[in-house]
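Please see the structure below; I have some questions.
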Amino acid sequence: MTPKKADKIAVNVLYGLSGIIVLILASLLTYILVRGVPQFSIEFFTQPAKTFEVGGGIIIQLYNSFYLLLLTLLISTPVAMGAAIYLSVYAPQNSFTTFVRTAIEVLSSLPSIVVGLFGFLMFVVQFKLGFSILSGALALMIFNLPLLTRTIEDSLTAIPSSQREGGLALGLSKWETVTRIILPAAMPGIITGVILSAGRIFGEAAALIYTAGQSAPALDFTNWNPMSITSPLNIMRPAETLAVHIWKINSEGLMPDGPDVSAGASAVLILAVLSFNLLARYLGKKIQKKITSA
Amino acid sequence: MEETVQHFKKRSPKRKQERFGKTISLVATIFIVSIVFSILFFVASRGLRTFTEHGVSAIDFFAGTAWRPGEVSDAGEPLVGAFPMIAGSFLVTIFSALLATPFALGAAIFMTEISPKTGKKYLQPVIELLVGIPSVVYGFIGLTVIVPFIRQIFGGTGFGVLAATLVLFVMILPTTTSMAVDTLNAVPRYYREASFAMGATRWQTIYKVVLRAASPGLLTAVIFGMARAFGEALAVQMVIGNAALVPDSLTTPASTLTSILTMNMGNTVLGTLENDVLWSLATILLFMSLFFNILTRWIGKKGAMK
Amino acid sequence: MKLKRMITTTTITIAGLFLGACGPVVEQESITVVGSTAMQPLVEAAGEQFSSENLGKYINVQGGGSGTGLSQISAGAVDIGNSDVFAEQKDEIDASKLEDHLVAVVGIGPIVNPEVDVDDVSLDELAKIFTGEITNWSELGGKDRKIVVINRASGSGTRGAFESIIFQEGQKSMITQEQEANGTVRSIVSSTPGTISYVAFPYFDDSIKALHVNGFEPVDENVYTNDWVIWAYQHMYTNGEAEGLTKEFIDYMLSDTTQENLVPRVGYIPVSKMEVERDLDGNVTDIEK
Amino acid sequence: MAVNPEETDLNKKHIVTLNEKEPLAISTKDLHVYYGKFEAIKGVSLEFEKNKITSLIGPSGSAKSTYLRSLNRMNDEISSAKVTGEILYKNVNINDPEVDVYTTRKQIGMVFQSPNPFSKSIYENIAFGLKRHGVKGKETLDKAVETSLKQAALWDQVKDKLNQSALALSGGQQQRLCIARAIALKPEILLLDEPASALDPISTSQVEETLIELKENYTIIIVTHNMQQASRISDRTAFFYLGHVLEYDETRKIFTNPTIQATEDYVSGHYG
């Protein structure tokens, strides 16, 4: 076989492999959407779920998913940012740093069910936070931290070191340099990373079943007093998310239209993740443009 | 003179700022590390109770094939042989990695070497989306599409290692692919240019130069994919059948550490052998993920030395 | 500048939420109910109804399994622990501290894939299917087809109830596929030829076929009389005597309105309809009416 | 004839010192820099005159950049680097851990090889350092931005687009912006590490002109590979070789009549 022929075959094989991946995703998406989108209706998006009757909606679960996501990001982003700054700026090259990095990686490969159980015994039982959004957000924080730290660190180190030197040469501290020069410059990457991690959080169920709980008390969307249990803002109320809802319908759901609700909810979940991805791309590009152009 | 010395030795606010920055970023880091440790400690301390508190011998646990927590053998020993689950976990992990690796590497090469433009425009978003699909949905599709499919082709119930492998294959594809892409991108441009200049074809360059240079990183990518497969719970639980039997074929029901763990955790009472033995399974999971990490580090080091 | 503002806003928001959450909850009360996944829909529905009738009182219902319910109530971490088995049947649970409230009865019935052409089995045959002694439907008068047994997770309350009734002394279930939940079991049975499993009555639907046992149909009426023998109590355990809202809610569960309306609507059987009672050891006695 | 390490006598040196009429800006005494076990600078003692331009020349690997970077203690940022010996600035040894590195760097500014403006607006690039050093008030800042941009000969080109991103400027403009950024802090000494090596000839000559104008107010030390550049703009030149300074004298003398053979080989282009 001539090298040229081999080249041609190899390239075709690569096209084929890539094509199959695209095909897999396309069929996954089509399958989910074809089954799910027909379930969409105004009621589906505005009604609370029903336990054993037909016609339940997902409004509360959908809201909970977003609220939990927001809280998780609020808690985990500063921590991840701090750790990423430490690792990219201050960390000396010694065994402690290697040790820290290994620890973070171990955390990232922890099965989410283990995180969930830890969260249950630690936050729910030990800290007496109960089944609550807060417990869920803390568990998701654990789940989210490693990936987020790594994304932020990557974005920070991707900024040329000449920027850092420029700041230091002006007599600025490393802290000023990283927070005021590197961080703003790394923003597009960081935002993209945060949003992509949001997609993962949004779909997580195993870590939440035992922390944020599996029930969604009715919410009164006119009650914005964070102390009230019906208030959407309350962080001490249990909150079943969309992903948990799908899991629950499939395991113990009693509603006769369970498969339909589940399919619809899956489609919503996918569409949300899809829009996160698009948003990440759009924002990343836009900020990049703003920074580099006039 | 003394004044200038003072001027230079005076601690500017910047020093304080630096200390502040270093402290809070270190605190954040230590916070993460301490989470890791409390999880490790917490899981392992419960997991070890199987051996310390309940007196199960390690051999019985790791090599035993009878898994009936709560029951005892004729000799009065608890039946907590975890071998079926350990075998199941390893099988699905290895098979799904074997299946996913060619696809992941193929896609990664495509995205970096063959057509970076198309890669970035179509494959990249596809990969990112695959990460975003929740495991519950994967499990659900596995249950409604893959299991019946396998049943029609191979007979039996359709549940088993094969079904889990197929589901995991799709689930680890993005992890492995995106890490492989990063690795290939890190191979310096001039390696390729030198190879092309010597008259090598594109494939020769990829195969003989780029892949060689990137091999430690690619191996790391594969191992990370395996780590993900090893730890996946919900989706696997829905398709593997959860029978605590050592798998004797790819299409008979089997179980993994995670599937048994997720399924039984809620039904057991804290502090009992039935519960502690599940934490022992979780401990195995933890140590496996530790092992995968150390392995990737080791490969990275070896690669760097070459 | 922007970053600083962002951090400040974030801090204030978080602080606000925490303060809000920890602040005094005025005229609001809530209790947490944890445990049996099988009971969850019933208790959840009752909780919702209770809250809508009693403003400011909330019932927080979580699953987690009977084991979780019992261990959490024993630890005093929750207000009510749901279980579909007697607390005494779980080791390491100090049942003497717990107070049992029987809130409903649920029938459990074997279900098979609709293609299975066997309609009726005896209790003994059923036991032998689950121990692995009977492996083909032809042994029961059906077509030659392998029996695929799907069991529930070991330790699951439904499985405990099912096995304690169908198995004789010394019989043990074979190791086979297990699934965690009623819903999953149902969807697997409905789609896999030759399968048999069992679910609680509320999960019966058209996608599966419910078997008759000893000639009796799996309906509530047969459970009342114990003609259908596979049934279990649904327990709500409190740590010591129920007080306050906990008591109110349990009373609400046991009230005639709930028992006569909600319980049957969700598919469970009111305790009051039972003509027999069963004790911890499985002895069934008639109730004098 | 090429410079050959074996043939070059590293002990033969010709280094001038300043007389009383020539005011001292900064000097080093027996400066050594180590990277781990490797000794990059092997005892360099030099005196730099105020308001003059001094060039540091020498083949690659002669450690002239390393030397330059130790003058404002940028080598502190490399964890394996160790600097011994004295750096005297205003009679204070600033190579002393007790000395505040931030105060030092503020007074000894630095411009790097490739332009590294921050990804901020032109205005912010200049005002940023000032603000971080506690300068307040819009008027003061405006004034400082204008002055330093004028000194860097950039004002006329950018005065109408101060709020635009600095990254949109051309390479030469970016480098002059970096110079403006450094001088906005009113340093006494300006260190430049091959500031024109990434620029085209026209931009290079613009930067050079700027430097010559700046010398009235600043002491400038510049590392360069460009022999013509050194001879065009600098008053004194130091020839670095393998971590040593072999010759330090008037630029004129270095380029026309060097004392040391290796210097002559290098400036006449015989070196590799």
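Quick notes on this structure:
Order of writing sets the chain letters: A, B, C and D. Residues in each chain are counted from 1.
Operating definition for what follows: contacts are C-beta pairs under 8 Å (C-beta built on N, C-alpha and C of every residue); 3 or more make two chains touch, one makes a residue touch a chain.
Small disclaimer: the values here were computed from a predicted structure and weren't measured.
Common neighbours of subunit B and subunit D under the contact rule above are A.
Chains A-B form the pair with the most C-beta pairs in contact. With centres computed from Cα atoms alone, the innermost chain of the structure is A.
Note: centroid distance subunit A to subunit D, computed from Cα atoms, is 48 Å. Subunit A and subunit B have Cα centroids lying 18 Å from one another.
Separating the centre of subunit C from that of subunit D, both taken as means of CA atoms, is a distance of 79 Å. Distance from the subunit B centre to the subunit C centre is 34 Å, each centre being the mean of its Cα atoms. Contact of a single residue of subunit D with at least two other chains is seen at positions 102-104. Residue numbers of subunit A whose C-beta contacts span two or more other chains: 78, 171-173, 176, 179-180, 184, 210, 250.
Those residues of subunit C in touch with two or more other chains are numbered 37, 63-64, 75, 180, 184, 187. Viewed as a network of touching protein chains, the structure does not reduce to a path, ring, star or complete graph. Contact between chains, using the touch rule, shows up for A-B, A-C, A-D, B-C, B-D.
In the complex of the two chains, the subunit A residues touching subunit C come out as 51-52, 71, 74-75, 78, 125, 130-131, 134, 179-180, 183-184, 209-210, 213-215, 217-218, 225-229, 233-238, 248-254, 256, 258-259.
Residues 14-15, 17-18, 20-22, 24-29, 31-33, 35-40, 42-43, 102-103, 106-107, 109-111, 114, 119, 122-123, 125-137, 140-141, 145, 170, 173, 177, 200-204, 206-207, 224, 227-228, 230-234, 238, 258, 261-262, 265-266, 282, 285-286, 289-290, 292-294, 296-297 of subunit B touch subunit A in their complex.
Residue ranges on subunit D touching subunit A, taken from their complex, read 72, 74, 77, 79, 101-107, 109-112, 114, 116-120, 128-129, 132-133, 161, 164-165, 167-168, 178, 181-182, 185. Touching subunit C in their complex are the following residues of subunit B: 66-71, 143-144, 147-148, 151, 157-159, 237-238, 241-245, 253, 255, 262-272, 274-275.
Of all residues in subunit B, those touching subunit D in their complex are 1, 4-5, 7-15.
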